[in-house]
Amino acid sequence: MAPITTLHYLVAAAALFVLGVIGVLTRRNVVIILMSIELILNAVNLNLVAFSRLYGLHGQIFSIFVITDAAAEAAVGLGILIAFFRNKETVNVDEVDLLKW
Amino acid sequence: MQPVATTFFFYLLSGAAILGGVLVITRKNPVHSALALIMTLLAQAGLYLMLYAPFVAGVQIILYAGGIMVLFLFVIMLVNIEKVQKQEQFNKQWLVGIVAAAALGVLFVLVYMKGESLFPKHVVRLAEESNTQEIAVLLYGQYMFAFEIASLLLLVAIIGAVVMAKKRI
Amino acid sequence: MTDATKYLSHLELGEPDQTFLDSNELIINMGPQHPATHGVLRVILKLDGEKVLGTECVIGYLHRGVEKIAEHRTYTMFNPYVDRMDYVAAVSNGLGYCEAVEKLMNVEAPPRANYIRVILTELNRLASHMLWLGTHALDIGAMTPLFYTFRDREEILKIFEKYCGARLTTHAFRIGGCQYETYEGFERDVKNFLAFVPPKIDEYEELLTTNRIWLERTRGVGVISGKDCIALGVTGPVLRASGVKWDLRKAKPYAAYSDFDFEVPTGQNGDTYDRYLVRMREMRQSLRIIEQAVGKIPEGPIMAKIPKVLKPPVGEIYHSIEAPKGELGYFVVSDGSTQPYRVRVRPPSFVNLQALDVMVRGALIADVIAVIGTLDIVLGEVDR
Amino acid sequence: MLDYIQGYLSSNVTPGQAGNVFWATVYILIVFGAISVAVMAMNWLERKALAHFQIRLGPMRVGPHGLLQPIADAIKLLTKEDIIPSGADKFVFWIAPLIILCAAFTVYIVVPFGPTHAITDLNIGILFMLGVASLSVLGVVMAGWASNSHYPLIGALRSSAQMVSYEVAMGMAVVSAILMTSLHGLGMYGVAANSTGTGTLSMIDIVKAQQEQHVWFFFKFFPLGLVAFGIFAIAMVAETNRAPFDLPEAESELTAGFHTEYSGLRWSLFMLGEYAAMIAVSSIAVTLWLGGWMRPFPHTLGGETWDLVFSLFPGLTFIGLAAIAFIGVVRMPKHPYFKIQTAGLAGFGVALGLIGLILFVPPVRDRIQDIYWFAAKVAVFMYLYIWYRATWPRYRFDQLMKVGWKVLLPIAIGVLILTAIMGVLL
Amino acid sequence: MVTRLKQQYGSGIREASTYLGQAYMVVESSIIYELLQVLRDQEEFDYCVDVTALHYPQREKQFDVIWILYSFPRNERIRVKTMIADGESLPSSTAIWGTANWLEREVFDMFGIKFDGHPDLKRILLPDGWKGHPLRKDYGIIQQDNEWVQINLGIESGQ
């Protein structure tokens, strides 16, 4: 088999990214949408780390920042979810179509 | 240390990651989705190790798999999944969404095909033995300001999450 | 206007503030099969996370109809049944019943019998408190005291066994006195026991009394005030730990208790730790009583003159004693026949258990366990 | 063949670093086998020691002094009916114990039993250990959720909150130890040979740093190392859900917490995971603060003679155990009923004695020393676990959180800052 | 005390004396609540030891309901007894003594005497769906609610 090059990693990351996008676009459940966003962020991370093999360590630094952001995003997102669930008793995004209730 | 059986492990790990990704977006039960996401994250940690990024792999395991996913599971347990499971899982625009995402994927692959020639021909040898030390030097040197901003971001996120999730303030 | 609506209008709320997660209160069943409910008590807990919003006790799983049985047995035949109620303090149960019937027949047990009764009852109080301590500590997570207390309780049971052949459901006393004369070496055994136990009690105290975790787990937990205790009819060590110095052995002395010098230990805070301390001190006071009783045990008959067939005159009597758990009362009604017309048992555990709800509201699950332990209930007595 | 083994034994890197797949596999098998045996031994020891604390005898029936009890238990658990509650999520229910078990065992990849006796030496060793160990919380949460029952759910919520909280204090304590690897200022302890100023996360290098600085981190910057170690020692008990922090499985409150609904094989996996995790966190403590594989007093009592004396310890330990076994043989009742038991115990004693004699042979002696001292230090922790369990009542949940966040964490951060200051000043 | 109460209630207190040294009084069921209230508030009987009942099937007023009270300050016990017929109900003393809650539930469970104003009057020792009140004299000693046993325990009979 051919040796594994950076391109292989990039394709794997693209696949994950696309899966994440599909999840965000098609699912109704907020929890799963948040998880899909995590998937997207991870795909980006994989790209960054793969490129860091070509251009030096900066990619890895960036991926660490991305992980930090993911943590913040998950905390806030799930906080919103809890508050929302407490008021509406649903976790479906398409039922959140009002700006105020 | 030279990685062994790179090809085999690459296909194993990336296959696991993508399979996990597919399961995340198709499962009805959010707990199963979370489990699949954990599989993806751990497989990615393995890929990071193969890419000479042990520190990122460690952070991935501690923060993602150990921290964020526990948070997810916690929240899933708080919300009532039984009801959610019986409902329609996909929204009305699911076909459009899949088509758009597929188009995006095709775009990615095309760009990679075209752009591969632009990549540097040789791979930078990253020292695995001192990876952590080098990252530390960069993080606390060149990226100091970004690091501080990230810490501020986390603080804001903590406060925001507490404010939103609290019953009565 | 009912109480509930009054409460709500006071808060100026139309209806309870029910958001979804609030309505997602957990209702869990603690028991009837649960390691810490001391038998088949079932407590339905309404929880908000770990916080207890309310409790309801469901009892009766061990109901055997003791009071109904009494109406179909003669006075003598019913005597062994009472041992099966509070089976960890069977001697106290027997004492209460025998004394109630004696009073109804207007006879009195001879002094020697009374002394034997006091010695055995106090030994049984020690046994009961030891069992309580072991299980209570086990509930709170300290495993070791259980085995220590069982080791020492064994010595008491040995004395019972030698005296009457039974260890748990002793049936030690008869109406009118005692059936058996003390065995050869009874006094020596009891004296040996008196020398053996105080260091052991010190040992328990060493493990628990100043243990930081024990203090944190018991101080300020399950607080009940003396006023609440009286309103809820709570008696025994629980009442005394709330600062009410009341012990039937002092208030209305029975058997030979008026002959002895002992103190009634009390607490101030009415929390679990005070109840623990009160019971520990009570154990030492019991030792004091036994010591005095063994020292001056009189000679003489052990059985009063009573007819072969017991036919108490028509009438009714309420007699109560200080059982290890609180006031144990017998309300005996006679219609002049050989069988009691009615025997009503006033069990201390049953009444004390009512206070559970007051004591655990707003506390955590772990406190429910601690409070059930500290109330020292025996389900055989609660359900009868 | 023999040359190959000999050639490997004289090398001075771990198989993982050497990239030697064969030896790495052998090591993995040895380590996992040894840990499983250690878990079984620990199981027996806990029951016996706890029993003796509580004036009982503990297991006595299966084999002499219950020595075969763990095997009997294993057989019982394997053949027991495996019950899955009807409302349970079967897949998650099935996978949860495996997650805990894998998390507990994967940690051993980087545990340094000796300078070369580790499966591999990762650059991020300690980070990897903490990360993988923290994965077991996922198994706990899933087990509690999948059981579809209230007690396991409460147990799981308690457990996850507890483990996540204590991980913070634990991490802080670990960081202060890592900081010490980079600090060359040694104050009253003298100056290290190699003071480069860069720290390390690698488990082997952490021990080597202690070797070079001539001090166990336990004693470094007294009392800072001691306090950090104390925080870790408390947090690790909470991490492994053991008494007095065993709230998630508090028997008297939640029946058995998150594994209430488990039985048979799956339950035994939980137990295996729990004990393996106990040994794992103890290994971290030993590596970070107690000098890992180093023998006591390597410098004060240095020199050939002392080396020889200390190298006799492994053999002497086994001879001592054999002696205890023979005392047991002598004290065994003389009734014919106990014939087999007496013979078994004697055979066990002989086996121990033989092992002890083999350990006196010089090449083996030198090779086994590191592992012996490491295991001895870990064993002390194991004994402490049993001791805690016999002595203390259980904390309440709010008190547990209070201890974690309001006591341990501030102290840990304070120690971290002070360590940094000391390192810069000295 | 007795004379004072007699003055207040006249013929409501039908009998007040002692037997074997224990004081008791028999009162009309119409004044029982008031009397208990007075006993607690004015006579300091602050501790309700027991609430129980007796069944005399041959009498017209079949049931004796008995309150055993104790006063901490006076160290005195008193039994208050009233009589009611089957099917009649009594005012609940739960508001006077918290103890009476479960004790009255037990009386209800065992005798079928209803207490008006009781917050939660339901069976306590026997299961909720049980038929019959075991401590009545006409309830046989081996009698049981066969139907309940068959439905809930799935056995023919508990004997």
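We call the chains A, B, C, D and E, going by the order they appear; numbering starts again at 1 in every chain.
Going forward, contacts are C-beta pairs under 8 Å (C-beta built on N, C-alpha and C of every residue); 3 or more make two chains touch, one makes a residue touch a chain.
Note that this is a predicted model, so its numbers are computed, not measured.
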{"item": "Chain closest to the assembly centre - both centres taken as Cα means", "value": "D"}
{"item": "Pair sharing more residue contacts (C-beta pairs) when A-B is set against C-D", "value": "A-B"}
{"item": "Label of the chain whose CA centroid is most distant from the centroid of subunit A", "value": "E"}
{"item": "Chain centre separation in whole Å, for subunit C relative to subunit B (CA means)", "value": "61"}
{"item": "Between subunit E and subunit C, distance of the C-alpha-averaged centres to the nearest whole Å", "value": "23"}
{"item": "Interchain centroid distance [CA atoms averaged], subunit A/subunit E, Å", "value": "69"}
{"item": "Cα-centroid distance, subunit B relative to subunit E, in whole angstrom", "value": "70"}
{"item": "Per-residue multi-chain contacts in subunit B, two or more chains", "value": "55, 59, 67, 76, 78, 80, 167"}
{"item": "Residue numbers of subunit D (touch at least two other chains)", "value": "none"}
{"item": "Subunit A residues counted as touching two or more neighbouring chains", "value": "82, 85-86, 89"}
{"item": "Complex interface listing, subunit C residues touching subunit D", "value": "26, 28, 34-36, 50, 137-144, 146-148, 151, 207-208, 211, 213-214, 216-217, 364-367, 369"}
{"item": "Subunit C-facing residues of subunit E, complex", "value": "19-20, 22, 46-50, 52, 54-55, 66, 68, 72, 75, 77, 79, 97-99, 101-103, 110, 123-127, 134-135, 137, 139, 141"}
{"item": "Of all residues in subunit A, those that touch subunit B in their complex", "value": "1-4, 6-12, 14-29, 31-32, 34-36, 38-39, 42, 45-46, 49-50, 52-58, 60-61, 63-65, 67-76, 78-83, 85-86, 89, 91-94"}
{"item": "List of subunit B residues in touch with subunit A within their complex", "value": "6-7, 10, 14, 17-18, 21-22, 24-25, 27, 30, 33-34, 37, 40-41, 44, 47-48, 51-53, 55-56, 59-60, 63-64, 67-68, 71-72, 75-76, 78-80, 84, 87-94, 96-98, 100-102, 104-105, 108-109, 112, 116, 119-120, 123-124, 126, 134-135, 138-139, 143, 146, 150, 153-154, 156-158, 160-165, 167"}
{"item": "Contact footprint of subunit D on subunit B as seen in their complex", "value": "1-2, 4, 29, 31-32, 35, 38, 54-55, 57-59, 61-62, 65-67, 69-70, 73-74, 76-77, 128-133"}
